[in-house]
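Each structure below appears as structure tokens.
In the two complexes that follow, chain A is the common piece, with chain B as its partner first and chain C second.
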Partner chain A sequence: MAEFIAYLIAGIATGAIYALAAIGFTLVWQTSQTINFAQGEFVMLPAVLVLLAIKLLGAPIWLGALIGIAAFILIFGVGFKLTVVDPMIKHGVLPLAIATMALSIIMKESAKDGFSAEAQNFPSFVPSQTIQVFGASISLQHLAIIAVAFAVIGALQWFVGGTRLGRQMQATAQNPTVARILGIPVERMVLLTFVINAALAVVASVLISPIYLAKFSNGEVIGLFAFIAAIVGGFNQVRGALVGGLIVGIVDSMAAAYISTQYRLAVPLVLLVVVILLKPEGLMGRKEERRV
Partner chain B sequence: MAGAVILWFAPVGMGRYGTYVLSLWLVMSVAVMGLNLTLGYAGLKSLAQAAFMGLGAYATAILTTKYGVSWYAAFALSGLLTFAVGLVLGFPALRVKAHYLAFVTLAFSTLIWLVMRNEQWLTGGVFGVANINRPEFFGIKLFGALEFHRFVVVVTFLLAVLLWWMIRSPWGRAFTALRENPIRAASLGVDTRTYTLLAFAIGSAYAGFAGALYAPLVEFIDPSPFSLSQSFFLLLMVVAGGSGYLLGPFIGALLGVVLPEWLRFAGSLYLIIFATIVMLLLIACPQGVSGLLERGWAKLSGKAGAR
Partner chain C sequence: MKKHWIIAAALTAGLGLPALAQDKVKLVDVIELSGPGATSGTNWKSGVDLAVAEINAKGGILGKQIEIVHYDTQSNPGNTRAAVQRAIDEGTYAVLGPVFSGPIGASMQIAQRAEIAQIVGGEAAGLTKQGNQYLFRTSLSQTAAMPKIANYLKNTVKAGSVAVVWVNNDFGKGGRDAILPELEKAGIKVAVDVATEQGQADFAADAIKIKNANADAVFVYLNEEESARFLRAAKQQGITKPLIGETTLLGAKVIELAGDAANGVKGHVGLSIDAPIPAFQEFGKKFIAKFNYTPDHNGLKGYMAVYMVKWATEKQKKFDRKGVADTLRGATIKPSEEPGILIETTIEQNGDLDRESFLAEVINGKQVINATLPKLKP
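Up next is the complex of A and B:
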């Protein structure tokens, strides 16, 4: 039982990370029909940039973190939208999806060649201690991840549902044409979702890197699980991505503990295929019927 | 045809390694050809082409080394196996919605890779399968690099002709109709689901064939060349060469396989350069190099005609 609780908490913690990446993924998907195959690299790179800023500038950690994070949001929020998505969206979704694959390769290889092929330690803001709850030792880092991730997701929910700007963003996501008629600056709203996506990736990156270390190849697994989370939960719902992320995180943690470490990756993949077969719109998703 | 003749003689005097690179180019072209059918003609994003290639390579390697099956039979079986797996994989994914295929193949790719790595009794795990023999051709042993290269030229040529014939047939035109406008194709009585599924399965079979050629070419296989990122890379080759063009795969594979050999000085930066080229191509000319050539040709001949 004690073990089970420990695995559960660890699963929720990684699940919260997947949820952050998956939420950004669905936001971008909704507003611009872009499948961002570089989503995993979006989570990998901020940590590398932070370390790079610290190393190059000899800056203290907080300054390095600020510079790295600001650079990332600027380049991969605003820059991504303006230089990759905008010129390509007119050719259709397929070239854009392939362009994001190219982008993922560029990001991964740049991190490898420009920084390091080895995993690097990443400073943690929380001491690596464990506390005892019902006889289970639970890492403080996991608890901190859960707390921060949920605070961020809560703030996002409040922003989307409770503010004027957020509601405009939502309207854009649901129907850009109508939103435009209603006088919503659609372009600016789309840009905002890209910035939010980058910001969520930054949060995920800073939270997970102290545990998983900063490594160029981290994006592969995170990206895969974020996709699975988004589809399992429902492509067209922020709430769905959250639920999907948690499910995938917990399933992954349990599979590693109780089934097989070699095949832990396989269990969420099977989950994905089952969900696509039985409920293609995702567990929390709405049906989208668009034929002509 | 002329290309095949040139390639037959091309490696003379290029040395073992140069010949190997040329053969590798053709083998990758076969895999890219299949993906070109899936993506370029049927408009499907498959992220498992490298995994299918792995399936074919491992099937051929295991059948020929462990069970003494002849290469020709193993080649046919590899194609059959990947075709069948393509059907099984595509059926549920396409039943739902087109872009789910991307995610199902993403999952499949990872699963295949896990099996290749973990099932040591079958695949040798990370140590792979070694001592894969090259086939005989009517009693002539094809052990040398040059002999095997010529064999690869012949097989690639036959596969290219087969694909060309398929695309020219009514079948192929149905594929193209699918790409241009699936809804109109459906209203014209094209059974979209069956044709999309067939395009995917045939495309996968070509990856299987490529794998069956790849295994004896390198004579040793391990899981690393069949990973998910390799599938991404193959997709980029399709796009760079020009998706939907007959010659596109050869140009794409040339850019992806042979060019790095010339750009040795760039080292591992090559991948970044290649991906950047693809992105710029997509912005400037989504039809890839073939599209650029066609445009240039149209301009030239248009000018000549006006004079």
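Up next is the complex of A and C:
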């Protein structure tokens, strides 16, 4: 039992990271009806920028973190929307999706060439200790990941559902034309969505990099699993992304523990196939219809 | 008249070009500069560059300057094959690298067919069992290292049972296949046998599994970055049993990446700048001064690879590609003959090495050598 709890907590911690990235997929989908194939790199890059700021400016960790995170939100929140999404969306969803694929490669290779191809140590704000829960040793780092990720997701849910700005953002996501008629500054709301996506990616990056180490290729795994999580949970629902992320994280941990590490990547993919066959809109997703 | 002068000058220049080219000997280094092997490959490349710079500064090999070219394999066997073929097509004198055993296995037949020496950093036991007369190691084979580790586990750690965690690639599988019979011979039970993936990021589940196996010690056989991630996960899960490994577990990069989690790790080390050999320490100083980071065993291996080529060429007193392999095979290179080799090294007929090695421990973020182990055939 203790062993199972340990695997479960480890799975929830990893799943919380996937959930943060999967929510990013959902937000971009809701506002631009496209898939950001650079989402994994969005989680990889903030850690690299933080380390770069520390290295280049000789800044202390806290200042390096602030500079790196601000630079990321500015460039890949605001900049992503203005320079990639806005020009490409006019030509349809497919060109935009392809543009994000190109962006993914550019981000990855730039991190490799501009920083390092090797993994780098990333500071952890939580000590590497364990506490005993029902006989299981639980890592404080995993508990911190779960606590921070859930707090951030909770805050996002409150913001979207409980504030005027959030409701405007939601209205924009549901129907931009009607939102515009109602006087909602649609462009500003869409921009806000992209900034929130970048901020979520930053949180995921800072939480996971002390464990994964900062490396240019980290986005490959995170992007893939978050994508699976978003589909499993329901691509058009923030709650779905959360549930999908947790399920994928737990399934991954249990697969490594009770099936085989060698097949662990296949297990979430099998889960994805099963969900698509049984509930194509995802576990928490809603059906969308389009009329031609 | 002026036209004739121009033609004459052009012909002279044209004839002069090959003459200039002949003043150089080309070495192509096929190495992992990105992908999962980036840490190992970067160290190896720096070691190669340091050796080339030193040799060129002293007049080159038999008066020829070394022209070094590095090709990034991205740790991919297919890319490695293509890079080795390209190196041969471009007239390399010998092939240096790669470090990862899988890409070596995928590319070694190309150099063999061309009858060109390939000097590699791989440790997988199977590499030198294939009768390739042109493949040479720069590190001890797993066949040589694993009996020393089993002996250490039995006599020093006094382990009755061991959890084995290994990376599921040619390197890791070779190590696992080499350690298991040695453990059995030593009467040590394998409590759990955990395979992990190359490039794996999350080791939490593996660490939990190993902790719950409750073995007397854990034998860790992973590549550098994965070793660091595993050590961090082991610390997070509160594994307190001795963590024992081979060279890759105690390398400088692993210690840097794992931080506190590396403290207390012990094992067998083939090459180390912390070894009580002045030539290694001198190499370490030069390396750090040039590249501003501490080299691991791969830095030493890359450095020695170039000096192996130099030694073989000077021994045969001519540039003969095939002759490099013929000269290296069965040779013992002493630092008194070639200081760049750093430690007396015997190259066996199959390309394996025999030389002294070390037992080490990580204390306060530094590798400390506890003992020097003799050559297998002194």
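Operating definition for what follows: the second predicted complex is superposed on the first by the 292 of 292 C-alpha atoms of A that agree within 3 Å, B and C clash if a C-alpha of one lies under 4 Å from a C-alpha of the other, contacts with A are read in each partner's own complex, and residues count from 1 in each chain.
Operating definition for what follows: a residue touches a chain if its C-beta (ideal position, glycine included) is under 8 Å from a C-beta of that chain, and two chains touch if they have at least 3 such contacts.
Worth saying up front: this structure is predicted, and the values here are computed from it rather than measured.
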First (chain B), second (chain C), both or neither touched by A:Y7: second
Q. Is A:Q262 touching the first partner chain B, the second partner chain C, both, or neither of them?
A. both
Review point. So, A:I35: does it touch chain B (first), chain C (second), both, or neither?
Key: first
- Counting only touches as set out at the top, which of chain B and chain C does A:S128 meet: first, second, both, neither? second
**Prompt:** Which holds for A:I181: it touches chain B only (first), chain C only (second), both, or neither?
**Reply:** neither
Query: In the superposed arrangement, which partner chain does A:E118 touch: chain B (first), chain C (second), both, or neither?
result: second
After the superposition on A, what does A:I211 contact: first (chain B), second (chain C), both or neither?
second
Once chain A of both complexes is superposed, is A:S137 in touch with chain B (first), chain C (second), both, or neither? second
The shared contact residues of chain A with chain B and chain C are 112, 262, 265
Listed in rising order, the residues of chain A that touch chain B in the complex are 35, 37, 84, 87-88, 91, 93-95, 97-99, 101-106, 108-110, 112-113, 220, 224, 227-228, 231, 262-263, 265-266, 269, 272-273, 276-277, 280, 291-292
Within their complex, chain C touches chain A through residues 33-35, 38-39, 42, 168, 194-197, 199-202, 204-206, 208-209, 211-212, 225, 228-229, 232-233, 235-238, 253, 256-257, 259-261
Listed in rising order, the residues of chain B that touch chain A in the complex are 39, 43, 45, 92-93, 96-97, 99-100, 102-104, 106-107, 110-111, 114, 117-118, 183, 228-229, 232-233, 235-236, 239, 268-269, 271-272, 274-276, 278-279, 282-283, 286
Per the touch rule, the chain A residues reaching chain C in their complex are 3, 6-7, 10-11, 13-14, 112, 116-121, 128-130, 137, 139-142, 210-213, 215-218, 221, 252-253, 256-257, 260-262, 264-265
